[in-house]
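Multiple structures are listed underneath, in structure tokens.
Shared between the two complexes below is subunit A, which pairs with subunit B and subunit C, respectively.
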Partner chain A sequence: MNTLKKKIWTAYWLATAAMFAAAVAMVFAWTPTEATMGTVQKVFYLHMPVAINTFLACMVTFIASIGYLWQRRQVWDDLAASSAKVAVLLCSIVLLTGMIWGHSAWGQWWTWSPRLTFSLVLWLLYVAYLVIRPSIESRQRRALVSSVYGVVAFLDVPLVYLSVKLMPDIHPSSIALAPEMKLTLLSCFVPVTMLAAGLIAARFHLQRAETLSMQEADDPSLDVIPVRPAGGLT
Partner chain B sequence: MTKVLRQIALVSGKDLRIEARSRQTLGLVVVLGVLIVVVLGLGLGPQQVASGMAATAVLWVAYLFGGVLCFEKTMAVERHDGALAGLMLAPIDRGVIYAGKLISNLALMVALALVVTPVAVVMFGFDLSASPFGFAAIMAGGFVGFAAVGTLFAAAVSSTRLQGGLLAMVVFPLSLPLVIASTQMMARLFGEGEPLGSVGLTVLIAFDAVYLVVSWLVFELILEP
Partner chain C sequence: MSATTHAVAAYAVTILLLWGYAATLWLSARRQKTNDNQDNAGKYPQGNPGSNRGGSDPS
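Entry: the complex of A and B
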């Protein structure tokens, strides 16, 4: 990595940290405390932006998986794997913050409410993605199986949403927020998104370096695999 | 059209003939299914068993594990003696191979269900009389979606090592929405006595359509001798 890249990178993380600090200050010092839930409600300012970013990270995996199936370039697989890792991390945060909220709102750490179930299934889907990858030895086979999985798993998400809607619900469906709360939510959304994007980029960089060093070890021509003609081996 | 149907019938007929003569898979999965029902029945104890509603969950566990074994076996047949290369050299579309495999898997799963379901119904005292056709429709919808994903990933995973655990690992999370939807619909149908609404069935049909179309599109990319 050259020095300019390094400087931009450092500036990016410093900006993210500064915005996080500002957002935390806003959450605790400026935003009014919610009437019924009290201080615990403040976990919501982390919960919702992270939930949205989980979805975005899953979408990156989906797009990268399609890219791999289409072009068969290893770089797509590296991107898919990196964003799936970040998606699992973010989804774990969503589950944990959601459980903290649930404990104070409903008095239980876990209820089988539709949205909790939805997050749990989403988490399981992408944990399985991470678990199956290392158990396939051939690099091309791994990339192929996981990109097919990446596509099907993302298409599974709306189906999970549809199916959990059949369950009885206690989650808030619409939330009325004071203007200050909306602004705070927005100010939390920016650093969380920057963190997610930065993590995916950092992970991708590492994964790329790993793949390239592995490829040098065996065959450099393995980066692009010619797509076989469909319909036969002729 | 009739040509394609004949080709599909040839592919699945071949699989089912092998199964009929060897009876390797079915014997295994049926016994496994019954064992799962018995183990869960013993584990749940008389109180939970008496409610009857546990039967749908127990049945799904038996179907999921039995199904994964069926998918593995129908694909493993092609791994011997380079059979898959021969199948791929045949002048048929890859989609036909997928459809043929899907039908053989569905046939095996229906055979499994025909034995395991009555066992669970009797052991758990599950009253099917409220809507036997509703039960069959929900299960059929679930099976098609499950077998669609299972057939696709059995082909994807079959050339790798660690097949057994791996296929279950891939297929179970993807099948969770089917399990959620069908158990919820069962709870409404038999627990609360609501009639089987068109909404629930539409959800299941939507699942099957998505799984079938995606699997059919992707199948030819992953088939490798």
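Entry: the complex of A and C
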């Protein structure tokens, strides 16, 4: 990574951290408390942006999987795997924050409502994606199986989104927000999205380096030590 | 647990997981860079005539 890229990358992370800290401060110090649910409603400002970013991370895996099936280039598989890891992390946060909210609002940690069930299925699908990958030794076969799986697993995302609209559910389908609350939600959405994108990019960078070093190890001809011709430069 | 404790717990979990993962990736990238530097040092040892690092002067 050259110096300019490194500086931009550092600035990106510092800006994300600053905006994240400002957003959290805004939630607790500035945003009014919701009348019905009280303080626990503040979980919403983090829960919803993380949930949307989970969908986006799943979508990146979906698009990258299609990219691999179309072009058979390893770079697509690396992107799909990186994004799936971040999707699992984000989905875990959605489930955990949702459970904390549910315990306070509904008096129970978990209920088998459609939205919650499809969210858990989504988490399980992407955990399975990550578990299956290392069990396949051939790189091409792993990429092919993962890509097909990545496309199929994405079908759960619309189910998670539409479940509260199409089926009776304890999970709220929409919440009326005051203008200050909308501003806070936007202030949380920006750094969470920047963080999710940064994590996918960082994981992808690592994944590419791992893939290239493995390709180098598999194919010794790539590992060329420059040798001068005999009687060359003297 | 009060509603405030629930809200604070949710934020703490999120911050810990998100920024913890970011820190893990940063550390992995640093380790990888160190390994790459060590590999390159082994690949181009001092005094290797095939290398432009050290060794004979091409001029």
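FYI, the second predicted complex is superposed on the first by the 207 of 234 C-alpha atoms of A that agree within 3 Å, B and C clash if a C-alpha of one lies under 4 Å from a C-alpha of the other, contacts with A are read in each partner's own complex, and residues count from 1 in each chain.
Note that a contact is a pair of C-beta atoms (placed from the backbone, for glycine too) under 8 Å apart; a residue touches a chain by one contact, two chains touch by 3 or more.
Computed from a predicted structure; not experimentally measured.
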Partner chain(s) touched by A:L162 [first = subunit B, second = subunit C, both, neither]: first
Partner chain(s) touched by A:V43 [first = subunit B, second = subunit C, both, neither]: second
First, second, both or neither for A:A87, with subunit B first and subunit C second: neither
Touched partner set for A:Y149, first subunit B, second subunit C, both or neither: first
Subunit B versus subunit C as contact partner of A:A51, first or second or both or neither: neither
Which superposed partner A:A197 touches (first subunit B, second subunit C, both, neither): neither
Contacts of A:L79 with subunit B and subunit C, given as first, second, both or neither: neither
Subunit B and subunit C footprints on subunit A, overlapping residues: 233
Footprint of subunit A on subunit B - complex, ascending: 85, 88-89, 91, 93-94, 149, 152-153, 156-157, 159-162, 165-166, 169-170, 172-174, 176-178, 180-181, 184-185, 188, 200, 203, 206-207, 210-211, 214-215, 218, 220-222
Sites on subunit A touched by subunit B in the complex: 69, 117, 121, 124-125, 127-128, 131-132, 135-138, 141, 144-145, 148-149, 151-153, 155-156, 159-160, 162-164, 166-167, 230-233
For the subunit C and subunit A complex, residues of the former touching the latter: 1-4, 6-7, 9-11, 13-15, 17-19, 21-22, 25-26, 28-29, 32, 36, 43-44, 49-52, 58
Touch list for subunit A against partner subunit C, complex: 13, 17, 20, 24, 27-28, 37-40, 42-43, 46-47, 50, 86, 89, 92-93, 96-97, 100-101, 103-104, 195, 198-199, 202-203, 205-206, 209-210, 225-228, 233
